[in-house]
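Listed next: structures, encoded as structure tokens.
Common to both upcoming complexes is chain A, partnered first by chain B, then by chain C.
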Partner chain A sequence: MRKFFKLLEERIFQGLMILATYGIAVVLFVIIISILIKGLPSLSWEMLSQTPKGGFYFGKEGGILNAIIGSLYLAFGSTLLALLIGLPVALYMNIHLLNRKKLVNTIRFLLDLLWGVPSIVYGAFGFSVMIFLGMRNSLLAGIITITLFIIPIMIRAIDEVLKSVPRGLLEASLSLGSTRSETAYRVFVKQCIPGIITAVLLAFGRGIGDAAAVLFTTGYTDYIPTSLSHPTASLPLAIFFQLSSPVPEVKDRAYASALVLTIIILVISILSRILSRRFQKTKINF
Partner chain B sequence: MDNQTKIHIKNLNLHIGKQQILKDINVQIPKNKITVILGPSGCGKTTLLKSLNRLTDIYPDIKVEGSIEIDGQDILKVKKRDVTDIRKKMGLLSQRPYPLPMSIYKNITYGLKISGRRRKRFLNKRVEHYLKQASLWDEVKDRLKDPASALSIGQQQRLCLARGLAVDPEIILADEPTSALDPVSSQAIEEKFVELKERYTIVMVTHVLRQARRIADHVVFMYLGEVVEQGSAEEVFGNPKEERTKAYLRGAFN
Partner chain C sequence: MKRFFKINRKIRNTFHKRWMLLSLIVVIAMPIVLGVGLYLKSAMLLEQTSLIKLLFSKEWKPMQGLFGLWPFIVSSLWVTILALLIAGPICLLAAIYMTQYTKKYFLRMMHPVIDILAGIPSVVYGVWGVIFVVPLVSNHLAPFFNTQSSGYSILTGAIVLAVMIIPFILNILIEVFRNIPDQLTEASLSLGATHWETVKHVLVRKAFPGIVSAFGLGISRAFGETIAVLMVVGNVTQIPKGIFQPGYPLPALIANNYGEMLSIPLYDSALMLSALVLFVVVLLFNFASRMAIIKLERHT
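Let's turn to the complex of A and B:
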């Protein structure tokens, strides 16, 4: 009898796990299919290669090249900045502050708080700083705001990878006469490159997909920015404006924009997977 | 201090938090001999070994008192920025191999490059020399560019030995270096140690009594953070003075 209940318990939990796993897969599938169905008919070469004609709100002609380029500028710029700042912070926390556990845990807690702050709050903060400095809506302001918003994600994601490096590797490197910083950049970074790529991808995905952080800071324009001080369009806002347009054709174009955004993220994900796999070989599996 | 002593530990006390790990350690480690630190698990052997090259610096809440003199220089008083010089004097082999995440070749040149040696011909020569010293050359000479992760555990441990020797140390610190290895690889490491003691002072931690009997010249027996007995291998194994040593040799605390 006990055996029967044990078996029943096993079956129920297995069933729940299967349900959850397939459930998520189905939801993802439905989202992508619905974007494809609605977006594909409006997607054309014209849409990818031209800037809007007749305005982003009413225009049925032209394309969303301004938003594509703008979003790529914003995402690449902010991801690069966040990596340049975030990587040293994560290394410092895990190597130099190794015997300051309380301090490091406090930093982790604060970063987790920042991670949880909604992006609209960063947008509002960026906006108030812009006003304070007398800046106008611009690509630069957008990049800075997105950077602020993705830095906690970047640091904590890299931090989690660095945490898993065994202490023996640090001891080995130090014993060979290297300093902590040499160990950080020559050993830890090499060991963690696959994880760092994942962290970059995570940050990039959040950065390119976020509408709220750029809503107040980048403005919106039909033109492709040629300078950091120009305002810029972005895909999430393109979707937002097109969806709220009263013209049905423009509404449909919103789904095409969403499709483009999804494809960009997909392509970046696949590329980083390939890149990550190349470095997986040198990583030591402990 | 006589010329035959390489490392002289005086009144060493070590606390982690409120717990005392090492209690008033006084040990002399002779030059060009294999000194085995023997004792049951958790008696502080590894901690003692790590304090010899100041790896204790990277652990939180550790307080070290006393002195550790290497060639007459107290390494516990050395300033933080000079610690790397102390560490260069010592190669470390740990319980399991920790190869660096790079190629076999770069594992050996890592320490050299950090000390500013960059000439390609010099590096090539060194790589060959030290891989031969660690009896690894024949197995890897055709694939020096392969990642170290591709080697077996036994090969990795020999790579770590070669890498440690490449920075030209005077002392080899080994923390149960064969505990993760198969019998053949273990024997290779033991034989290497016997060969290497001509040029290096070797300090090895182990809890394997048979291994200690095989290769030790000098024995330090530790129990619960204290040094119970020390002396030449013949003395400690042949004619132990302390009751606890006798009990351990009978196999009572394993």
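Let's turn to the complex of A and C:
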């Protein structure tokens, strides 16, 4: 009898485990399907290729091109800036500070702490700095805020790859007479390029999808920005604002915009897989 | 010429090194600047009213200068804890299944699913919440428990949040279970324990600190999530009495009022204080969880 209960317990929990695992996959499926069903009918070429016209927010003509372009500007700008600061930091931690394990681990710990800070905190901070400096809502303020938010993510992701480079490679490169910075950029970066691409695209995806950080700092406009000091529309905010409208046509457009954003994220995810596989070739195998 | 080249390389090396060091200092200074900046902004309000009073007062009347954050803190706690109650067991079961019961290729197949779930922007989760979870709660779950709900409720927010933190917790848990040495499982199995008994008495016990810290990190992630929750939680300033009632979490408060906060005195100070509270709570949770993980790694 005891054996029976033992077996029953095992079976029940095994069932629950299978349920939980497949449940997660099903949830992803449900999310994508429900966005598709709601978004596809109102997705049109017109919507993707035009900026909002008069009466757009009452369901009249126009599109969300301003938001798409604005989001791309924001994401590209901040990813570039974050790479400019993040890559050197990650390299420094793994090459120059190689013999100071304790210091490096402390920095890693600090970055892990920062990784978890919600983007709204960065947004609020960026906003108060902006007010303090007397700046207005602008593309630049948005880029800087998103950069602050994605730097820890990028550094830790790159650092995780650089960590796996064997010490021998560093020693070999140094013994051949190259300087540390040459070793860093010509050997380590080359060796880790698949991982760096993944990290950059991860940060790009975070940047393009985040709403809370740009809510305060970039403002919203119907025009495509032509300078860094202009306010900028962004896709997440376009979705958010349109969804809170009482007009059904505008709501439908919010679903379609959500579909656009989801597709962008999926493309980034697939791209990072393909690219990191392609660049695997340049790697030295040990 | 050769000599020049050599100097050039040295200069370049120095330049790169300086830039690296400068970037590192900027990154390290970031959390400090963040904390100090938020504190300075909220200091104006703190001079007038004590922190304890602000945190535990129920009166939120910005026009009269009353900024009690208690309703928002309670809402945040409700949503976060409920989300963890939903996501925690699912993640634990799934992580055990994927690392102990299946072949390697299954985990490799599931990885893209987890990655995509983790990559979906929170605003898309919000839209999904509005079109799927809100009707689910108002038409099916609320009648099932014999109550009425508009669907925009604590429970809806928690369900959406749970889905958002699942990939996050799951990734950590898979890592935790993978790092447990196989010998432990083998020893337990060879002593005649069944597979489930091994999981229950050996694996989970061994991984316990890791599980707790994964949940801790999940909590800190959920606590600060803004847009998705804001879109489905109802945003009514009250202390929620049940999970089918609307709530108003802290991040939503900040996000909703950024427009008018400059027109009312001390309003921006109050919002910055809530941002500071979020920052400190998340840092504390992260700190404790990461410490636990580091301890665990040292033991194994």
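Remarks
Rule of thumb we're sticking to: the second predicted complex is superposed on the first by the 255 of 286 C-alpha atoms of A that agree within 3 Å, B and C clash if a C-alpha of one lies under 4 Å from a C-alpha of the other, contacts with A are read in each partner's own complex, and residues count from 1 in each chain.
The working rule: a residue touches a chain if its C-beta (ideal position, glycine included) is under 8 Å from a C-beta of that chain, and two chains touch if they have at least 3 such contacts.
Every value quoted in this text rests on a predicted model; they were computed, and no experiment measured them.
Within the superposed three-chain model, A:A212 lies in touch with chain C and out of touch with chain B [touch as defined at top].
Touch criterion met: A:T179 reaches chain B and chain C at once. In the superposition on chain A, contact of A:K6 is made with chain C only, not with chain B. Judged by the touch definition given at the top, the superposed model places A:A258 against chain C, while chain B stays out of reach. Contacts of chain A with chain B, set against its contacts with chain C after fitting on chain A, overlap at residues 179, 182.
The touching residues of chain A, when paired with chain C in their complex, are 6-7, 9-10, 13-14, 16-21, 23-25, 27-28, 30-31, 34-35, 38, 85-86, 88-89, 91-93, 96, 107, 109-125, 127-129, 131, 148, 151-152, 155, 179-182, 184-185, 202, 205, 208-212, 215-216, 236, 239-240, 243, 254-255, 258, 261-262, 265-266, 268-269, 273. Across the interface of their complex, chain A is touched by residues 50, 53, 55, 57-62, 84-85, 87-88, 90-92, 94-96, 98-103, 110-111, 114-115, 147-150, 160, 163-164, 167, 173 of chain B.
Those residues of chain A whose C-beta lies close enough to touch chain B in the complex are 98-101, 166-179, 182, 186-187, 190-191, 281-286.
The touching residues of chain C, when paired with chain A in their complex, are 9-10, 12-13, 15-17, 19-21, 23-24, 26-28, 30-31, 34, 37-38, 41, 89-91, 93-94, 96-98, 101, 110, 112-117, 119-128, 130-132, 163, 166, 170, 194-197, 199, 217, 220-221, 223-227, 231, 251, 254-255, 258, 262, 268, 271-272, 275, 278-279, 282-283, 285-287, 290, 294.
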